[in-house]
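For reference, chains read A, B, C, D and E in written order, and residue numbers begin at 1 within each chain.
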Amino acid sequence: MFDAHLIKDLPDFKIDVAIKTAKGEVSVLFGPSGSGKTTCLDMIAGLVHPNSGHIRMGDNTYFSSNQKPYPTEKRSIGYVMQDYALFPHMTTEKNVQYGMKSVRKSEKALALLDQFGISHLRNAYPHEMSGGEKQRTAIARALATEPEVLLLDEPLSALDDKARNDALTVITDIQRDLNIPIIMVTHNWTEAEKVATRIYKIEKGRFI
Amino acid sequence: TNSEADAKVEILVAAASSMTPALTEIATEFEKTNTYTQITFTFGSSGKLAQQIKSGAPVDVFISASSSDMDTLEKDNIIKSDTRVDITTNTLVVIRQKNGGNSSLNEDNLFTSKIEHVAIGNPDTVPAGVYAKEALTKLGEWETLEPKFVFGKDVRQVLTFVETGNAEMGIVFTTDAQSSDKVEVISKIDPTLHSSAIYPGAVITATKQPKAANAFLDYMTTPEAQKILVTYGFTN
Amino acid sequence: MGEISYGPLILSIKVAAIATILVFLIGTFLARIFARRNFFGKTIIEAFFLLPLVLPPTVVGFGLLILFGKDQLLGRWLYDYAHLQIVFSWIGAVIASTVVAFPLMYQSASAAFKQVDGKLEAAAHTLGASRWRVFRTITMPLAWPGLLAGFVLTFARALGEFGATLMIAGYIPGRTDTIPMAIYFAVEAGDMQKATFWVIIIVALGFSTILWLSWWSNQNLRRFTVKRKGGAPRNV
Amino acid sequence: MGEISYGPLILSIKVAAIATILVFLIGTFLARIFARRNFFGKTIIEAFFLLPLVLPPTVVGFGLLILFGKDQLLGRWLYDYAHLQIVFSWIGAVIASTVVAFPLMYQSASAAFKQVDGKLEAAAHTLGASRWRVFRTITMPLAWPGLLAGFVLTFARALGEFGATLMIAGYIPGRTDTIPMAIYFAVEAGDMQKATFWVIIIVALGFSTILWLSWWSNQNLRRFTVKRKGGAPRNV
Amino acid sequence: MFDAHLIKDLPDFKIDVAIKTAKGEVSVLFGPSGSGKTTCLDMIAGLVHPNSGHIRMGDNTYFSSNQKPYPTEKRSIGYVMQDYALFPHMTTEKNVQYGMKSVRKSEKALALLDQFGISHLRNAYPHEMSGGEKQRTAIARALATEPEVLLLDEPLSALDDKARNDALTVITDIQRDLNIPIIMVTHNWTEAEKVATRIYKIEKGRFI
């Protein structure tokens, strides 16, 4: 069970939201540009810290006002950032392998790339790929870590309809295998309705 | 003396760099008769060497180009006073570039000819510069030459300035002039015009090889060693 | 410690400032030319640029003396046509500092340019910016940390230059005596008080320049130093 | 030119290699610690790190001599507890090279780290990578151009170090005679042939090392050097 | 009149397409991820050069097999890149002003930012902005140059429906004022149909 109450002052408004997501569920944050969606995910990932509130994942308290924040690398999250943040000095395959804990990394990475239809790019570097190819690499990289909670920031924005559907299938398949909660940001209502267990509409930092 | 051939005694001699060739030859001679002693040198400016010895450099014998550096060490009991001995002396000469463009420069117009630069060792730090200043002051020519002086950080630099013709005239020790084939002596400076350029030597108090050190220092004053020194331009 | 003239301070500032500007311009220019280009022999030329760092400064100075000496090709040409006397003048000191500090700037700038994202330069071109404008407004600001490091190293090195300078500019009190020379000769003469005085001056000079530089860099070029931490709010 | 021993070559390689590794490790470490941190006095400490560059090497050597002298705090401690004799030993040469080259590495590394995109480090953390792993696999590769520049500068400087080394390690043939010293003393003795020989050797050594380094860097670390030109096809 | 024939070998296939767009028209490149859309725009912008073919804009020949390519900075284009490529060391306002030729830059930049609803961010740096805010800045920056041809690479992908509509209105308004051709890449069919004078469906480098 993922459970967070995020309070954070931003330059133009204040974020104050509570998100709960059970294992196997998908919570969607839906809202206009600049409403604080990415900042929420950043807080869950530990890249930015809330001013107060709490973040709990199962038995682990990632954040709470009265303790030192749990460091990012110890939170078992998979995070697809809005701008991918692929490692420019690593090939697609190495990028995907980076967070893997298991053995037989190469094999698994390849299988994953194959599911996303980009296994032919396994030796390509990020600057040699198209926007959608990079985005799929970023999703594969996050999934490869077998996280306890998955954070997706507009993960399908650069994909055409077919690639988008394929990717969604892969993501939900893996979610079923791992039995984890997903928190996903999108501004595409059809997409939100399709996958969400629950849709949080956010505007200026508040759920409406 | 140790009779085993492989147990050679090594002593480290710190000496003024102007003595490099002469001392190297003397050491070779010395080792011929004292087969169990091996001489290793470290050369440098006397001031630098004195400082290093003060800081505990494992030196056995110090041969300085100036009395004052030896005096400081003596005051601090870093050398054995009773071993201190004056080994040799040097004289000053005026030089110019050999086959250079200023062949009109000669003994008679040293202080009157229209030259731009006169190179000498820095009179604050280089022994040859100290003595040159004394002599020129006594001659009453220090002030005339003052605007033309270029100071070197050691005698070698003075030689280089003259060798390349950038300084038309320079004042160095006889031994230095002799070591370069690109300069020629145009005048000798009367040794009575400056305090004598003595090269004192002494054994270091902390030496672990007092016997060998003493033997080498003693050898410096023998006729054999003195003869070699003379061939390199020193006077005794 | 005797009377102290402030000449070395002024001279050091002048020489270091001119040399730093020269090196910054030449080094940045060459680094930019070379950074994104690959041609046969590039690495060799780059290794060649490092020579002044590998060779003892005295040797570099010796080379410059040979090159710029008054009877030598370049030196004579400069004298005849530009009436520039390089040897034994402060211009010689500038040349020595420039040559010796150059590798520091070149390497720093070259590395800095390699770390700049070429995509941003391309974007600037699509907005109609000329090469020079892109360099000035995109490349340089983004490479700024590296360029600043090169600048700081260059200034520090130029300020401290001593070995090569002494060789080509000589030590002429009141004309070519920079602070490092004053320090060197004071140490050599055992005048620790004077040496300490000049060390304090040069350290103060170096410190204040570098502190001012990084302050200026932080103030005026805040836009140059991209804050990177992901997501901390604008004004918190 | 007399017989030439290859001792200086071996010694120079040893000293430069050890010093370069030491400087690379310490410089990179300190730069990393300081790069993203801001605390009061940071700039002052950074300016302080530049001291060895601003002061004439001889003076740095003098300072080291004072610090590591037998009767001095550090020197005595090292001697009593580690039986290390620093003055007049090759360890002294390593220390001199390390101190003198340090600023070059620190400045280069510090600038390189500042140019690395913090977002990528954050991304690595989200993938579970520890600080050390992020440093090793993300920060270092991305900062590589700058680190390499620092490494090259450090090696060149350590190889060419002379002034400070002479002061603390002395010039003892067969024991502390690095190539720069051999060059210096050959020039000093007017033995231009020998000087030229060693200049060629040191240049060859510097060149081959630097060429090898950039070749290795290009080969093994192709992944480290991100091609930036927007959009050139993968294999064309 | 914009007229191009672009031939270019890519690692996995070859691009060979011909695009014509009259002033005031909008050509849309529509196709799956990795089909060569961005590469086409890069060629028109002069960031990548075709192997052969030609690119002509009015009387200017940007590219032709038998002459040196016209340099990017002389092509009068406005290009919104897929990953924005905002200058990280400049504020939003400075970014927008960068390519302006006219006087009263500040005023005009502000007006433009206002039309995109981000004038309150004029002193913000790119790393202080949300994904959609960055995207709108990139569009504003390209429009500010008053180009002769506008290249848009999925320019609305990070925007919610409202922001998307607003942005489209601004773009088409400015197009009408300048009377220029637009070439736009998108994988959103509704969007394509809405704005396109002509839709080119691209797949593996060919129009189908």
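We adopt the following convention: a residue touches a chain if its C-beta (ideal position, glycine included) is under 8 Å from a C-beta of that chain, and two chains touch if they have at least 3 such contacts.
Note that the structure is a prediction, hence the values are computed from the model and not measured.
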For chain D, the least number of touch steps when starting out from chain B: 1
Chain located farthest away, centre of chain E as origin (C-alpha): B
Top-ranked pair of chains - ranking by C-beta pairs in contact: C-D
C-alpha-based rotation, chain C on chain D, 0 to 180 degrees, nearest 5: 180
Distance-maximising chain from chain C - centres being C-alpha averages: A
Chain centre separation (chain C, chain D; CA means) in Å: 19
Centre distance in Å when chain C and chain E are each reduced to the mean of their C-alpha atoms: 43
Where chain A and chain E are represented by their mean Cα positions, the distance between them in whole Å: 29
Intercentroid distance (Cα basis), chain B paired with chain A, Å: 79
For chain E, residues contacting two or more additional chains: 11, 38, 47, 83, 124, 128
For chain D, residues that touch 2 or more chains besides their own: 62, 119, 122, 142, 187, 225, 228, 230, 233-234
In chain B, residues with contacts to at least two other chains: 48
In the complex, chain D residues that touch chain A: 119-120, 122-131, 134, 137-138, 141-142, 223-228, 230, 233-234
Chain C residues touching chain D - in the complex, by the definition given at the top: 36, 43-44, 46-48, 50-51, 53-59, 62, 103-104, 107-108, 110-112, 114-119, 122, 142-143, 145-146, 148-150, 152-153, 156-157, 159-160, 162-163, 180, 183-184, 187, 195, 199, 202-203, 206-207, 210-211, 214-215, 225, 228-230
In the complex with chain B, residue positions of chain D that touch it: 62, 65-66, 68-72, 75, 85, 87-88, 166-167, 170-175, 185, 187-190
Footprint of chain C on chain E - complex, ascending: 45-47, 71-79, 81, 83, 85-91, 94, 98-99, 101, 124-125, 127-128, 141-142, 145
Footprint of chain C on chain B - complex, ascending: 45, 47-48, 72, 101, 117, 119, 122, 124-125, 149-153, 157, 160-161, 164-167
